[in-house]
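In the part that follows, the structures are each spelled out as structure tokens.
Paired with chain B in one complex and with chain C in the other, chain A is shared by the two complexes that follow.
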Partner chain A sequence: MAEPLLDISEFRMYFHTEKGVVKAVDGVDLTVHEGEVVGLVGESGCGKSVTSLSVMGLVPQPPGKVEGGSIRLTGKDLTHLRQREWQRIRGNDISMIFQEPMTSLNPVFTIGDQIVEALQKHQKISKKEAKKRAGEALKEVGISRKGILGEYPHQLSGGMRQRVMIAMAMVCRPKLLIADEPTTALDVTIQAQILDLMRRLNEETGTAILMITHDLGVVAEMCDRVVVMYAGEVVEKADVKTLFQDPRHPYTQGLLKSIPQLDKRFDRLYSIPGNVPDPRKMPEGCRFSPRCEFAKDICMTQKPDLLDLGKSHFSRCWLHDEKKGDADRDPITVTT
Partner chain B sequence: MNEPVLTERHSVTELNQEKVESPFRETMRALLHHRSAMIGGGIILFLILIAFIAPLLLPFGYNQIDADARLQPPSAEHWFGTDDFGRDIFARVVYGARISLWVGFFAITGSIVIGSVLGLIAGYYGGWRDTLISRSFDILLAFPAILLAIAIVAMLGPSLENAMYAIAIINIPTFGRLMRSRVLAVKQEDFVLAAQAIGMKDTRILFHHILPNSWTPIMVQGTLGFATAVLEAAALGFIGMGAQPPDPEWGKMLSDSRGFFQSAPWTMIFPGLAIMLTVLGFNLLGDGLRDVLDPRMKQ
Partner chain C sequence: MLIPVLIGMSVITFFIVHAIPGSPAKALLGERASPEALHQLEEKMGLNDPLYIQYFNYIKNLLQGDLGTSIQTGQPVSEEIIPYLAATFELALFAMVIAVFFGVNLGIFSAWRQNSSVDYLSMVIALIGVSMPVFWLGLMEQWIFAQELAWFPSSGRLDSRLFFEPVTHFYFLDALIQGDFVVLQDALKHMVLPAVALGTIPMAIIARMTRSSMLEVLRSDYIRTARAKGVGELLIIYKHALKNALIPIVTVFGLQMGLLLGGAILTETIFSWPGVGRYLYDAIHARDYAVVQSGILVVATIFVLINLIVDLLYAWIDPRIQYGKE
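The block that comes next holds the complex of A and B.
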């Protein structure tokens, strides 16, 4: 396979706080190829946002500290870049859109000013040309209202603002767009519109998307491949079809089981028992073991590796290891 | 979710076509409907106007001594009477407006600029810069303001200009701390992260994104601070640490009148009224600005 666009390997980002070291991201492997849409899934606090901010170099350091591993963008390691080099990459090679469109735009400047600012930061073009391009960028995201460039963020709805954010992020044609829960704050019909727009931009411009979300519906709709994170680690990776049809890690299975389904009757919706472990006191063995219904002795004491299950499907679970694990109790037999 | 969704380009062109108004014009319009702000603004405009044009209209120079007309009460010729040198108090009060407005303007502008930049740096970067700057502010604030001003003037030598520097210095912490606290809040906003995510430089984020979102309280405090600065200038003038004779500074005029204010009260009343009017004007405008700019007061 060709060299990936984004290659995160064994990346660790720890936060050194007064109460101890928080291992927010602890050895994450993840690749995004050109033109691909990859989903990064996990519950709140599992490290998916820190991972994405690390790719942008936006984790405040200190308290954050890169404790190992690398983040490569087309082969170039980003983990030890200087501010100046970061500024050239951000917005130009990698862009990001955020969860809260209501607050992601500067309230005191017009939409036009903000897109022009982004453009002129990275490209030497005249203000007039930049304005024209800003207008085109807005058309591309489906806003063609006249005079929009002179409007202020408070005059727009949430969905419109997220479109503006996308226009701003895409205006320099980045190779990678990181979308940090871009639809969480929007209502359902607008969510569908925004996802559709992102999918269309991905197809038309070839910009790869790293989609951070906790919504498996969004993943099913958008992504080519999925990475599931739990407590700072990748627990399962697979292409989207495989993951939904044949989830192998007990955590992924739990996630899928907890989605309500229209064609089945439940007395009560499934939920994974227990809570996310305290990031300062991670369990010794598998981090999911305290909540796992299949947990065995080895799970409590030794950390499993990310096992290759073939067809680029990986899962971090002892149950797949025939020597150490108990093959009979492979959770594959447990239907969801 | 698999239904085709509306993403046709015309589908989101609906919505309000309300008139676009910049925040600045919106504020100005609200201010024009605020009664006390308008009174304050009117007083200030009036003071500025007479400071500029009055010298053209006055029959007397502010330093024109008339030994035959000493301590005259107000009359048709001398509207505010004359002082112990026979100088026209009206002319001196009018020229005094120039001095007070000038001192107030430059002192406050100086403290706003320096205080804001220090506050921006302290709030945005934090760490040792914040410690250094904030502790310096604390040291300045530990002294009573006027005492500190006296100490500074004592070091620099008494003059109007040095009084202005002193007033500028003692007001820096007020603006610095205000700016720092605003920046601490504004830098958490998503749009700052978004600006970083499109590759903006720190200086650009500081001055282009954080500053415009932080400066409304500075504007209010600046207007109110103007009143304080005028008072402080008068106080320094009164104790002889500010304007030197024969400059017609209001505080200085007050202290000059001490010897005979019982027999010739007009020597004290008119400069005193001028100080009061100026302070009142800026306070009214400052309060009005605060009302208008405070989002909770809208509606």
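The block that comes next holds the complex of A and C.
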């Protein structure tokens, strides 16, 4: 396969706080190829947002510190860039949209000003030309209302603001768009529209998307491949079909089981027992072991590697290891 | 809001001024004046009428643009006060320019490098600035920069040897209109020390206000968005963040400017600055009712007007604030 667009390998981002070291991202491997939509899934606090912010160089350092690994964009390592170099990449090669459209736009500048600023930062074009392009970018995301360029964010609804954010992120035609839970704060009907829009832009412009979400429904709808994170680590990676049909890691299985299904009646929705571990006191061995119903002795003491299960399917679990694990109890088949 | 405030102001100043013991006639004629002469003068000045009649006469004249006549000089207050007002306004303006420039930048720098040594140093400077009494700072300035180093003159608005015919009484404006750069330079030299003394406290207050306001804004989502667009740090701070942080800063600015206009008496006394503060101070001593009443009313009007301008600025700064639309 060709060189990936984004290649995160063994990346570690720790936060040094007064109460101790928080290993927010602890050895993450992740690739995004050109034009691909990759989902990054996990519970709150699993490190998915820190991973995405690290790709943008937006993690405040200190308290954050890169403790190892690399993030490569078309082969170039981003982890030790200077501010100037970052400013050339942000908004131009990589863009990002955020969870809170209500607060992500600057309230005191017009929509037009904010998009024009992104354009003029990266391209040498006249203000008039930039305004024209801003108008086109807004049309692309489905806002063709007259005078929109002169309006302020507070005059728009949440869905509209997220469209503006997308227009602003896409206006320089980035190679990669990072979407950090872009639909979490929106109504369900608007969510679907925004997801459609992103999928369409991905197909039309070829911009790859790294989709950060905790919503497996979004993943199923949008993504080509999925990476599941738990407690700062990648626990399973697969293409979207494989992951939904044949999840191998007990955590992924738990996530899938906890989605309500329309065609089945439940008295009580499944939830994974226990809580996410305290990031300052990570369990030894497998980090999921305290909550895992299949956990064995080895899980408590030794950390499993990300095992290749073939067909670019990876899972971090002792149960797949025939020598050390117990093959009989490999939870390959999920019974729901 | 403007009119009720001013009516209230006129009532309060009128009655407070008349409650001050002593009579203007006595102040004018001296301690040893005969009772007949005193009585005659009081009658002539209308001081023996009941207070409410005096008040209504005062308001009646006021509405016709007549601020009364100074008892000491016999000049109409509306004319007499202008040079003093201009002197104070000029001084206050320069003090505020210094206060805003240093205050805002100090605050921004502290917020940007929060909890660094620069932050602590700036806030110590601000604390010292707030706590330093104006008269002490003024005297120290005079001692160091006027006496010892002789960089600046210690008092007055202009060298008395310079021949100068003021038109607007704003010396900088006048000097520019007349193209007189010798006067301009001299006026500037005279301005430095009092402006610094007067601007220090507002500077410190603005610095602290800017810091806390900026700290809040710099943490917001739209600043992260601006960074994600690739906007440079300087633009993020001075464009994206500052405009959002401006409202509390402008509020403080308005209040401080109002205070400086009315309350620069200490600075004006130390630097022999012929401003409205000293004008009123002298008038109070002479029981010059007309000057005190009208002077306070003029200062109050300016104070209210400045705050009105500040309110209008809010709407210009933040498009979410609109007036008159329900």
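Quick note on the criterion: the second predicted complex is superposed on the first by the 333 of 336 C-alpha atoms of A that agree within 3 Å, B and C clash if a C-alpha of one lies under 4 Å from a C-alpha of the other, contacts with A are read in each partner's own complex, and residues count from 1 in each chain.
Rule of thumb we're sticking to: a residue touches a chain if its C-beta (ideal position, glycine included) is under 8 Å from a C-beta of that chain, and two chains touch if they have at least 3 such contacts.
It should be emphasised that the depicted structure is a prediction, and the values quoted were computed from it without experimental measurement.
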Q | Overlay on chain A: chain C relative to chain B, clash or fit | A | clash
Q) After superposition on the shared chain, which partner residues are touched by A:122: those of chain B (first), chain C (second), both, or neither? A) both
Q: For A:27, select first, second, both or neither according to whether it touches chain B, chain C, the two together, or no partner.
A: neither
Q. Who does A:145 touch here: chain B (first), chain C (second), both, or neither?
A. first
Q: Could you tell me if A:45 is touching chain B, chain C, both of them or neither one (first, second, both, neither)?
A: neither
Q) Counting only touches as set out at the top, which of chain B and chain C does A:158 meet: first, second, both, neither? A) neither
Q: Using the superposition described at the top, determine whether chain B or chain C touches more residues of chain A.
A: B
Q: In the overlay, answer first, second, both or neither for which of chain B and chain C A:197 touches.
A: first
Q.
Output the chain A positions appearing in both contact lists, the one against chain B and the one against chain C.
A. 56, 58, 83, 86-92, 95-96, 98, 100, 103-109, 117-118, 121-122, 152, 165, 168-169
Q) For chain B, which residues are in contact with chain A within the complex? A) 1-3, 5-13, 15-18, 20, 22-23, 189-191, 193-202, 208-209, 212-213
Q.
Show me the residue ranges of chain A that touch chain B in the complex, using the header's touch definition.
A. 56, 58, 83, 86-92, 95-96, 98, 100, 103-110, 117-118, 121-122, 139, 142-145, 147, 150-152, 155, 157, 159-160, 163, 165, 168-169, 189, 192-193, 196-197, 200, 217, 221
Q) Contact residues on chain C for chain A in the complex? A) 220-222, 224-233, 240, 243-244, 317-320
Q: Going by the contact rule at the top, pick out the chain A residues touching chain C in the complex.
A: 56, 58, 83, 86-92, 95-96, 98, 100, 103-109, 117-118, 121-122, 152, 154, 165, 168-169
